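Both complexes shown next keep chain A, but they swap its partner, so chain B is in the first and chain C is in the second.
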Partner chain A sequence: MTVTHSPVSSVRRRSQGARRQRRAGTAFVAAYVVLLIAFGVVPTAYAVYFAFSNAQGAFTGFDNFVTTMQDFRFVPALGHVGLYLLFWLVSLVVIVVGLALMLHRLASGGAGKALRFLFYIPGALAGAASVLVWLFVLDPTVSPVSSLLGALGYNTFGEVIAPGHLPLLFTIIAFWTGAGGWIVVIYGALNNIPKDVMEAARIDGAGAWQTAWRVQIPMLRKWIVYMVILAFAGGAQLFVEPQLLSLASVGVAGRDYSLNQLSYDFAFQMNNINGAAAVSVELLVVSLSAAALFVARSGFFDAE
Partner chain B sequence: MSPSPVPRRPSRTRRPPARRYASRVLVTVVLAAFTVFFVLPVLWLVLAATKTDHQLVHGNPLSFGSWHALRANWDALTAFQDNAILLWLRNSALYAGISLVITLCVAVPAGYALAMTEFRGRRALLVATLIVMLMPNATLVVPLFLELNAVHLIGTMWSIILPYSFYPFGVYLTYIYFTTAVPRDLLAAARIDGCTEFGVFRHIALPLASPVIALVGFFSFVANWTNYFLPYVMLPESDQMPVQVGVGTLLSSVPSFNPTVGSLAIERPQLALATLVAITPVLVVFLFSQRFLVAGMLAGATKE
Partner chain C sequence: MTAMKQSVVRSRALAKRRSVLLAGCVAAVVATATACGGGATNTNSKDGFNQVPQKNGALTVWVDSTRLAAAKLYQKLHPDVKLNIVTYDGDANGSNYLQTKVQLFNRTGKGWPDVVFSSQNNEVTWAVDANFAAPLNKGLVPAETLGKFAEGANDVCTVGGTAYCLRNDLSQAVLWYNAPLMKEFGYTVPTTWEEYQQLGEKVATEHPGYLVGDAGDSFTPEIYLWAGKCGANHITGAKSVSVNTTSAECTKMAELMDVLIKKKSMSISGVFSTDFGKNKADKVLMMPGPSWYGGALFKGTFKTPAKQIAAAPIPQWSGEASPSTGNVGGGTWLLSQHSEHVKAATDFITWVTTSDAYQGKVAPGFPAYAPAAETWLKQQNASGYFAGDINVLKDASTQVWPGWGSGQFSQEAIWAATVKPGLTQGKTIVSLLPAWQDSIVKYAQSNGYKVSQ
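Entry: the complex of A and B
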């Protein structure tokens, strides 16, 4: 916009207005900026500071990172979280996209809508509640599917929660609470695919499979990436599931299972704040990089 | 979207009817199986609360117990630590409620200013918001503890209310809403009429923003009510716990999960009832605002 040709008074008024607007804008975001600094920036800086210093506050370089990584629980915890993430992301992509496509084909209003809502309800049990429900469902003495568990050869709670099963069990719990929301999102994205495109595919003789594989899934790519990145960042933070499981099994399973539990343990059981901060910084780097990569590359947030 | 000028083909390209039929059956079976997977645990939980422990183990898992047993479970549950469950519910309501109010007062003006005004650092603030929004909230729990410990807030309700009130997703939703749904000219007109910047926000923008205020409020409430890790770390005393953490501690008082509890025992149906009570507020909000949820989760898509 050029102002050179406008009368002088209007120039002054406009620049006055702009200044007034700048001041107002700053005032409107002030409280938010304070919170952003207090609960976003400062804790991050704090974690970094503690991670690179010792209990006396002296700079120690990467010592804390080395010490925590050499802890006998670190590598197993990393492996647990990695395996869980693998199961969780694969099941999320394959099953959520599959179910959304099926629901979208149903299309006949009522039934699809009701099913989407039913799939979504477990989302209300996010957090501790979902773990408690599944502790019951996985306990053969009270389970509604005890015959299924029995058929698989598991007759006691201890057998069901054997350490090798945990990545799968945590995946089931996470899927049960989280999948419904993602199905709604992917379904909505499917609805956004222009009718002409779908019509063209049909005229060209594409069946359901071909339409899904060659038209719909490529057009969903952005949303699938969104889902995977958020699920990855969230899954790496695994805490409540193993924590409650360890309570329920008196420490037999799930203790020091995930990286966040390890960080918690360093801070509150071993009094090693610096070690806890080092593990937190590692997790922070993971989720910050995932978020930054997504913001920069996806084109999702091209705000202007 | 304008209707396509291509005339519709009168008949669909047909596949052999047998294959068509088979794929329909397959879709139905898969959808039915997943419906059972998502619904059965919720149904079981509701029914479990109406049974005695004996009925739970020996009866049909999907039978209704009795009103009498439900009543007895409720009495036993409230007797635990002298009405602890009611105190936890009150705590949850208090924490989620106060945070909700602060979140709205902070996030709505901030989202408005990011969308509708120009000020220095706006672009940077927007990018920071997007990145922090994509970070899972468990990432910063241990660093937050270190920070709040330094300012002696641990053990007070502010140690969770203040971090809860920092809600970048709410700012983002408000920002999206204003950029897409409210024309800038409307605000410009009000400014020319001599409205102050605050007046423009108060009398023009805010009345138009009620849908997004409801949306932000909903997400904030649900996220805070179901949060486990943060209060688990910040508020270890039983009389300050929110209900999610409280129910977690009930778990370790159930003899079948933890044989060492002795006389303070809670039976499984009472734990089921406690879980049900803990999620009821969220479930009710879910049932009444399904439309909101879908809109919110698709916020990124509606921009196009």
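Entry: the complex of A and C
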């Protein structure tokens, strides 16, 4: 009140600007908060409520968790997801960072631009559609790379999707669909490394390898952690790849493969929504714990 | 626009009504706990279930792409009935789409189809508990009509003496063969499994590449092991099953298959696989399989020319007293308890399962309704596609071994996930029988079945 009546117009203008900025900030955050509550917080709370109650709505403690863990598919599914996450996260970190560094080296020429575009294309396909593409690629009878599959000794779809191959196949599919976006993000982060730092490294006699290992990668640390956290959460929820594969192979491979599929089975085939909620809460807790661990160990929120 | 507005207004009114109802219920709980179940008010017990208030309006019918023709024909012949036809996957390969949707509809309290077709035989195992399927022999469909279905056809629909669905078609297995090719090779059609195996071994040496059967589908056990009276899936009660996959009957048939698979006169790709369609479809000499192989597989998928495919009874073990065969699916029609058009729905479900116009003359599979089946056979024989008549299907329809049931868990899914990958790796079926047993038992138990082994 007093400020608006202040005779000093510049102060007034500045404070008005600050207030407008604050208001805009609040508006932006509010829109996000509404969405977060509607599609994040409320469903999560609903799931937690379901997980600790039975079909009649009575509190049951950890009963649902115990029942679902005792299901004969739970431990195998846990193993499948664990192995997949290992393959997926390692390949993501190593290959994405490697390709981004290579792109950064090539950035001056047209080749860099072309590659950047090429890497990103698969990401433009919607999730399920890109998995469907792979179902064709992996079937030797219709695959464009059937000679390659044949050279590896695989002549039928059944041989390609043998149980032991699944973690690798899902990793390849996930990498193909998801890595492009991350390459672009990491590439952007590389561009943010100040030129003088790079120049200092060069003057000190660091080669490409040393620059990457001692300068660029340490400075990318937060971005890599960010990528790992999101990829972990996404990978733990593995669903589309095995589900579509199980439909395509008429149940030969991929049925009840991941925890999320098990949750789906509980909800819709065994009429146990509460058990399904328990599995999803477990996934949430695991993903949150992993994120917390990564954040704490990497100093993610430390100021530069 | 107006329709949208109307529906918004209606749903708001409904929400208001529901909240009033809820408040009423909360108050009533103190006194008594009756009539507070969702939608239990204003229902009228009739025909063996509580019917919601009946209304005029479109009849919603869910069909798969094959049965779309049935719904369209019904519409054509009954132009005054308002039909809302929805196509879905028909729960093919145990996709459980219908069950998933019904669970969601049960939660939201609306959206159920009035009549639905499923390509699965086990829908009543959940649809009764979910209060979805309406009883059909308690007033809706006359006993006289139900009596004309082939014997045992509606067993898969019956729970405790009440029929909750009507069988669309039977899928009794017979031995399909290529008549001119058999003649050319100088072979006679085997009548016993022993002869079948000998011929299979002979084909492997004399005409390598030609096939006497396929063992690569998820329904493979329903053709061979069911016909061989293997007690892998004996449903003995509403929630009990007896499983024994290592009996002499199972092992005997599995050994036969192993020999032919090793000799490569029995393929393991699955008849609907891209590999089979591309490389093996024109190499079929014989093929034990369900009644719908004739139209759907040979004529539709393989495009085998006319006057080649013929049907013979499925072989029997020598010394067997009574013939037995297996069965692969055969769809069912369910009527929703929540229907607001029970009369129209009943008329539709009766027509679609019993009419000559559809079942007799258009349907691709062998009708479960016996009078329609007569017409169907005449029609098939007159079509000139088959070499000779296929009347053996009629005998086979009553020879399906009753010791193999339809539980809530999918036997096809279990075989596909447990035995098929091993077969692909070159293991024998005999060696996989214990693992198959183990898997069936686990799935049965996790679905709440009491298992005896």
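Please note the rule applied: the second predicted complex is superposed on the first by the 246 of 304 C-alpha atoms of A that agree within 3 Å, B and C clash if a C-alpha of one lies under 4 Å from a C-alpha of the other, contacts with A are read in each partner's own complex, and residues count from 1 in each chain.
FYI, a contact is a pair of C-beta atoms (placed from the backbone, for glycine too) under 8 Å apart; a residue touches a chain by one contact, two chains touch by 3 or more.
What you see is a predicted model; the values in this text were computed from it and never measured.
A.B. asks: Thinking of the overlay built on chain A, is A:119 touched by chain B (first), by chain C (second), by both, or by neither?
C.D. replies: first
A.B. asks: Which of the two partners, first being chain B and second being chain C, lies in contact with A:86: first, second, both, or neither?
C.D. replies: neither
A.B. asks: With both complexes overlaid on chain A, does A:267 touch chain B (first), chain C (second), both or neither?
C.D. replies: both
A.B. asks: Check the residue A:72 against both partner chains and state whether it touches chain B (first), chain C (second), both, or neither.
C.D. replies: second
A.B. asks: One more residue to check, A:205. First (chain B), second (chain C), both or neither?
C.D. replies: In the superposition, A:205 contacts chain B only.
A.B. asks: Does the superposition put A:135 against chain B (first), chain C (second), both, or neither?
C.D. replies: First partner only.
A.B. asks: Please name the chain, chain B or chain C, that touches the greater number of residues in chain A.
C.D. replies: The partner with more contacted residues on chain A is B.
A.B. asks: Once chain A of both complexes is superposed, is A:156 in touch with chain B (first), chain C (second), both, or neither?
C.D. replies: second
A.B. asks: A:247 contacts which: chain B (first), chain C (second), both, neither?
C.D. replies: In the superposition, A:247 contacts both chain B and chain C.
A.B. asks: By the touch definition above, which chain A residues appear in both interfaces, chain B in one complex and chain C in the other?
C.D. replies: Touching chain B and chain C on chain A: residues 139, 141-142, 247, 249-250, 267-268, 273.
A.B. asks: Sort out for me which residues of chain A touch chain C in the complex.
C.D. replies: That would be residues 71-73, 139-142, 155-159, 162-163, 247, 249-253, 255-256, 267-271, 273 of chain A.
A.B. asks: Going by the contact rule at the top, pick out the chain A residues touching chain B in the complex.
C.D. replies: That would be residues 17-18, 20-29, 31-33, 35-36, 38-40, 42-44, 46-47, 50, 95, 98-99, 102-103, 105-106, 115, 117-129, 132-137, 139, 141-146, 176, 179-181, 184-185, 188-189, 192, 194-196, 199, 202-203, 205, 207-208, 223, 226, 229-230, 233-234, 236-237, 239-240, 243-244, 247-250, 260, 263-264, 267-268, 273, 276-277, 279-280, 283-284, 287-288, 290-292, 294-295, 300-301, 303 of chain A.
A.B. asks: Spell out the part of chain C that touches chain A in their complex, as residue ranges.
C.D. replies: 93-96, 99-100, 103, 126, 129-130, 216-218, 268-270, 272-275, 278-279, 410, 412-413, 416-417, 420-421, 424-425, 442, 445-447
A.B. asks: Give every residue of chain B touching chain A within the complex, in rising order.
C.D. replies: 1, 4, 6, 8-9, 12-13, 15, 23, 27, 30-31, 34-35, 37-42, 44-45, 48, 56-57, 61-62, 105-107, 109-110, 112-114, 117-120, 122, 125-136, 138-147, 150, 162-163, 165-166, 168, 171, 179, 191, 197-198, 201, 222, 226-229, 232-233, 244-245, 247-248, 251-252, 254, 256-260, 268, 271-272, 275, 278-279, 282-283, 286, 290, 293-294, 297-298, 300-301, 304
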